[in-house]
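Heads up, there are several structures right after this.
Next, two complexes with subunit A in common: one pairs it with subunit B, the other with subunit C.
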Partner chain A sequence: MSSLLARARAAAPPVVFLLPMLLVFGLFSWWPIVRSFVMSVQQTNLVTDPVFVGLDNFRAVLDDPLLATAVQNTLWFALLALVIGYPVPLVLAVIMSDLRRARGLYSLLAYLPVVVPPAVAVLLWRFFYDAEPTGVFNSVLGWVGLGPVPWLEDPSWAMPSLVIEATWAAAGGTVIIYLAALVSVPPELYDAAEVDGAGVLSKVWHVTLPHLRGIMLITLILQIIGTSQVFLEPYLFTDGGPDNATLTVLLLVYDYAFANTTGGDYGKATALSLMLAGALALMSVVYFRVTRRWSE
Partner chain B sequence: MRIHHRRLSALATIASLAAVSVLAAACGSSDDDNESSGKVTITVEGWRPGDEQGTIDAVNKQAEAFMKENPDIVVKPVEWEWNAETFATQLAGGQLPTTFRVPFTDTKGLAERQQIADVTDDVNALPYAEDFNPSVLAAAQGTDGKIYGLPTDVYGVGLHYNRDLFEQAGLDPDQPPTTWDEVEADAKAIADKTDAAGYVQMSTNNTGGWMLTTLTYALGGRMENEDGTEASIDNDATKQGLEMLQTMRWVDDSMGSNTNFEWGTINEAFAAGKIGMYMSGSDVYNALVTTNQVDPDSYGLAALPLSDSPDAGILGGGSVAAVSAKASPAEQEAAVKWNDFYRERKNYDPDAAVADAEVLKASDQPIGTPTLPIFDQDTWQQVQDAIKPYVNVPRDQMTSFTDGVFDQQLVPEPAAHTQEVYGILDSVVQKVLTDENADIDSLLADANDKAQALLG
Partner chain C sequence: MTALARQTPDVAPEPEPQLAAPAGRRRRRRRTEGETRTITSAFERRRAGVRFSRAVLNGALLVFLLVVCLGPILWLAKSAITPTQDTLRQPLALWPHGVDWANLRTAWVDIDLKLYFWNTVVIAAGSWAVQMVVAVTGGYVLAVLRPRGGRIIYGLVLATMFVPAVVLLVPLYLTVLDLPFTHWNLVNTYWGAFLPAGASAFNVALVKRFFDNLPREIIDAARVDGCGDFRLFLYVVLPMSRPVLGVVSVFAVLAAWKDFVWPLVVLPDPAKQPLSVRLPRLAAVTELDVVLAALLISCALPIAFFLVFQRLFLRGGLEGAVKG
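Then we have the complex of A and B:
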């Protein structure tokens, strides 16, 4: 039996063994991408024969007044996520790496939200965000004489509320990346810094951060790409409301495709998806060009 | 060695080809071969996600009875609920039941896009085809005049209220409000004296527009002209309705702090005793019982208050049992037969209504929830009389509605781009409910422009 396998291995070209992987990857990753290019120049409802419409879909998207709202909201989400969400895992990781005891426990606690299924997490947080004074967060705020806060019920509060939940949900993964990177910082450097009279903050500033720079640049671009595609939170929490205050680009894509009850506009949806993908690809290239020198 | 190599390559090629064909088969539509065995198999909308076991049992029992009557047809009820967001992809992916119900508002659009089947001949073969109330049948017809399904239930919007909360607020639960001023006053009383919101209105997933349209009709306005060519969203009635909401939300503080509600979530909150009053279809009691386990004693249904305007009326709608465009002619015929058996005959034939009530009674399902006539009012009355001994819903807590509704003008939903117009109105309702300083005039002018752009 094993000799048969060995002979098969010797005889068959490598591509045969790659084939299943190529098939699955091609079918479920590349075929949809190719299809979306095709659909972006078609008018189709997936049942009747599609009609070629050239660049009409792209024009229709650019003419949609909601596009500006969606882009603004997405940028606003990305900015808030950067301000609130980006430092949190870094601070957590630096603190945790300094702990001598029960580090595993803290890693577990930090990572646990990542394990909770996102839809479940959102349902949970909807309870927390109940706008009545009896809601979970509002009760807590009430103890110290604050609130009640209209978490998801106010156009200006809704987006920060989404960012807080998204940060809670995603921070754990980034913490693990930072923790791994922190291990590579030679302990002698801290000892030397201590001898030079450096306190905790200046150790972080002069030793830790320079070592994490490469990783931080990667997590930053990953976060920007991730937040530009935010969909789950606005879809499940607010459905883009109130009054489109949390309508993001990806939610607009979804709305084009699925929200219209008599069959979606898949052409417009794929056109906007491609535009988003193009913008993100362009931004990534520029980002790596600009930061190449820093990360070396 | 050379020979081995060739043979093995050939084997590997065959193996990978087999893998491809398996994948291709998995992706391709699985064409039914059930007609070759002489039997037609159809899947049908059975129960909503989350429905109690009794509902499921009742449908399955009916399916068995149907198959006895039609030995050539196999019926498989499945869990399904109309959801605009998944409909088109389910249809494209062959995952839809063969037959399912869609709202009145969507039939024409679906027919135009050839997403549901033309069943004119199958419907015309039914004994009561000539007897439909023409305005009801119109909801099942496409713009081409063909018939795309059976209109199986018709509702008028009513005011649903929680009798317990009325009592706790010192109000008489047998005297529900009859004017909008009274709605406002009662809502304030409930909000002041209980933990619940006095009056709540849906606001998301197009239900905000649906209910703002209802409120507009009740105050004598319209959202579109009859042909659906002109938008009239910036009318006085809509403005008056929004101003009332603004007062209740921000001055009286009687609408609670949570405003993000749609059909399902508002039912849930009402059944949980968190809402004093809300507007919804007159038949929503069924869902409140089977999905949300509402306490029947606490439930009350009132006729929607109407203004003095001669145009004031209640919004009426309903469902059409349509058939998937992908169904074969034999499946279409079977689907219409099933809809006749399970959904329509009981609206026409008193004996069938009694048989249906027997099954519902055996599984402890609600019987006697108010509906409106699909045929003429005599037929409706005969059916109501026939099932009277079986009625198990608290009809005496619904008398305000059942006594009043036939004096109210039933106004159909906006004629063109209904759901899209509702979507535009969602934003308006949300703005008024979440922004204390919302400028109603400019919101309505803006919404009207957007709607007019759709209507062309």
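Then we have the complex of A and C:
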């Protein structure tokens, strides 16, 4: 009896300490994950009880003429972010790592945009992107005889405009990750490269970048996963416009669930979220298969 | 992220220990200079060509970062106290014609920015508290108490890192709308904003890894002295954890201040919304100079916070997590 009591007392504290984590993860992570699978095959409208509808939600999403537009736009955003945004932090970090003395100041400046709340940044940049010739960016372009550029008002310029702002907002975080990794390059490797007659650029190519390869592979896939879920920029800059040119997949999910007129279709929204998540998971698996073979 | 990092092989070969002998003298000298070498060698830096291009690169980088990263914020600070007409006519004028301090007051009082500001403070404080409680108690159980089944729970926690946030938006909203068992509706309450923030696998992993590396001898010694689980937690583990608690805290507060999508969904009542959700609506119906003043007020606190705690942000709080 007494040993049972002792055992209960000994077991109690772990449970007490576990409780916050189990409750919070259970209610706000595990349960919603399970629920998204259930909801994707149900008709849910919060008024009547959910009804099982099989794959109807998925079919409805696939039949939506806007889906192709949203997928194309999302791929376009991710591709532009890769071309414009991926090299920026890498180049900055490599240069900064060699200019040791001012590195503290440089990384402070580079990280500054990261702490600006995204909603504030977008509202500020929306003013910068004024399409009039007197707009901020158009004035600067005017100094060198370019522009004016229609920025957010033109379907083909809108997406690049969003990507430029998103790169500005996010690059600093990646710079810090690269800088942290660059500290651990063994100096002996640079010495050895010099003995073999390597110049500065060839040391960057043969020593610095190979050292970063592992981190670069991770930041690449994380960036693709992140940009595939872009929401805030298209929502606040253009609300999907002009002419649906910045309608992304997540914006479509949001519209299915929460838009004033068409919203409330939670089944369709979860079905589309799941399809996006499935595509991302598949891509990640393939990515790691391919790059593992390639990096070994 | 941790699990991903572990899969990628470390590409840099270990330095050969045998070669350390001739390098020993050089290493000693380096230590007196107080820095290890980087891409360019001291010899290269003395060469005129390299020195010149490094100076150019240095200057170009500084100008680039000042203009691109600091520039927009300085511009915002200037325009927030400039009359609208000035800003519209000459947006890039270096100095305002007339200073209009009243903009800040108008934004704070007349469009009720103070209400949304304090809402944001409440949301940040609550999210911080929930994240701390979950991460610290969870990390303590998993790393120190190690109950049976702990590894499975940790696996389930880590697994949530691989579920993209997009999947959760709608089902999480419906969960918060009607909580399992209790049927509480947390929509339009701050608990609806605080509690989901606590489900951060990243925090739990960071704290657990830190607790894993605490010296086991100290914990064992406390145990021998008859320290129970609670006292071990309060008087031994927590006092040694200030570094990791600081990192988790600054990122939690900043993330809550920046968050947009979740408060947009869970707090439809304008009187409860934080700045980031309210600003876009206000911007549509307010004069430009007041909007810019409101934007400045909204990013002043996170920027000040960053400048105060820059070490925690910049030494790579993510470093340990990414490098596996």
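What we mean here is this: the second predicted complex is superposed on the first by the 270 of 296 C-alpha atoms of A that agree within 3 Å, B and C clash if a C-alpha of one lies under 4 Å from a C-alpha of the other, contacts with A are read in each partner's own complex, and residues count from 1 in each chain.
Following the convention adopted for this analysis, a residue touches a chain if its C-beta (ideal position, glycine included) is under 8 Å from a C-beta of that chain, and two chains touch if they have at least 3 such contacts.
Just so you know, these numbers come straight off a predicted model, no measurement behind them.
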Which superposed partner A:Pro13 touches (first subunit B, second subunit C, both, neither): both
Which of subunit B and subunit C A:Glu153 touches, first, second, both or neither: first
First (subunit B), second (subunit C), both or neither touched by A:Thr134: both
Subunit B versus subunit C as contact partner of A:Ala198, first or second or both or neither: neither
Touched partner set for A:Asn45, first subunit B, second subunit C, both or neither: first
Which of subunit B and subunit C A:Pro187 touches, first, second, both or neither: second
First, second, both or neither for A:Pro242, with subunit B first and subunit C second: first
Touched partner set for A:Leu274, first subunit B, second subunit C, both or neither: second
Which of subunit B and subunit C A:Val71 touches, first, second, both or neither: neither
Winner by number of subunit A residues touched, once subunit B and subunit C are compared: C
Subunit A positions touched by subunit B in one structure and by subunit C in the second: 11, 13, 19-20, 27, 46, 130, 134, 258
Residue numbers on subunit A that touch subunit B, as the complex places them: 7-8, 11-13, 16, 19-20, 23, 27, 45-48, 130-134, 148, 150, 152-155, 238-239, 241-244, 258-264
Subunit A partner contacts - residues on subunit B that touch it in the complex: 4-5, 8-9, 12-13, 16, 19-20, 23, 27, 84-89, 91-92, 103, 105-106, 109-110, 112-115, 195, 203-206, 256-260, 325-326, 419-420, 423, 426-427, 430-431, 433-435
Interface residues, subunit A side, partner subunit C - complex: 11, 13-14, 17-22, 24-25, 27-33, 35-36, 39, 44, 46, 92, 94-100, 102, 104, 106-113, 115-120, 122-125, 127-128, 130, 134-136, 139-140, 168, 172, 176-177, 179-181, 184-191, 194, 200, 203-204, 207-208, 210-211, 213-215, 217-218, 221-222, 225, 229, 231-232, 236, 250, 253-254, 257-258, 266, 269-270, 273-274, 276-277, 280-281, 288, 292, 295-296
In the complex with subunit A, residue positions of subunit C that touch it: 1, 4-5, 7-12, 15-16, 19, 23, 35-41, 44, 50, 54, 57-58, 61-62, 65-66, 68-70, 72-73, 75-76, 88-89, 91-92, 130, 133-134, 137-138, 140-141, 145, 147, 153, 156-157, 160, 162-177, 179-180, 195-196, 198-199, 201, 204, 228-230, 233, 254, 257-258, 260-261, 265, 275-277, 279-280, 283, 288, 291-292, 295, 298-299, 302-303, 305-306, 310, 313-316, 318-319, 322-323
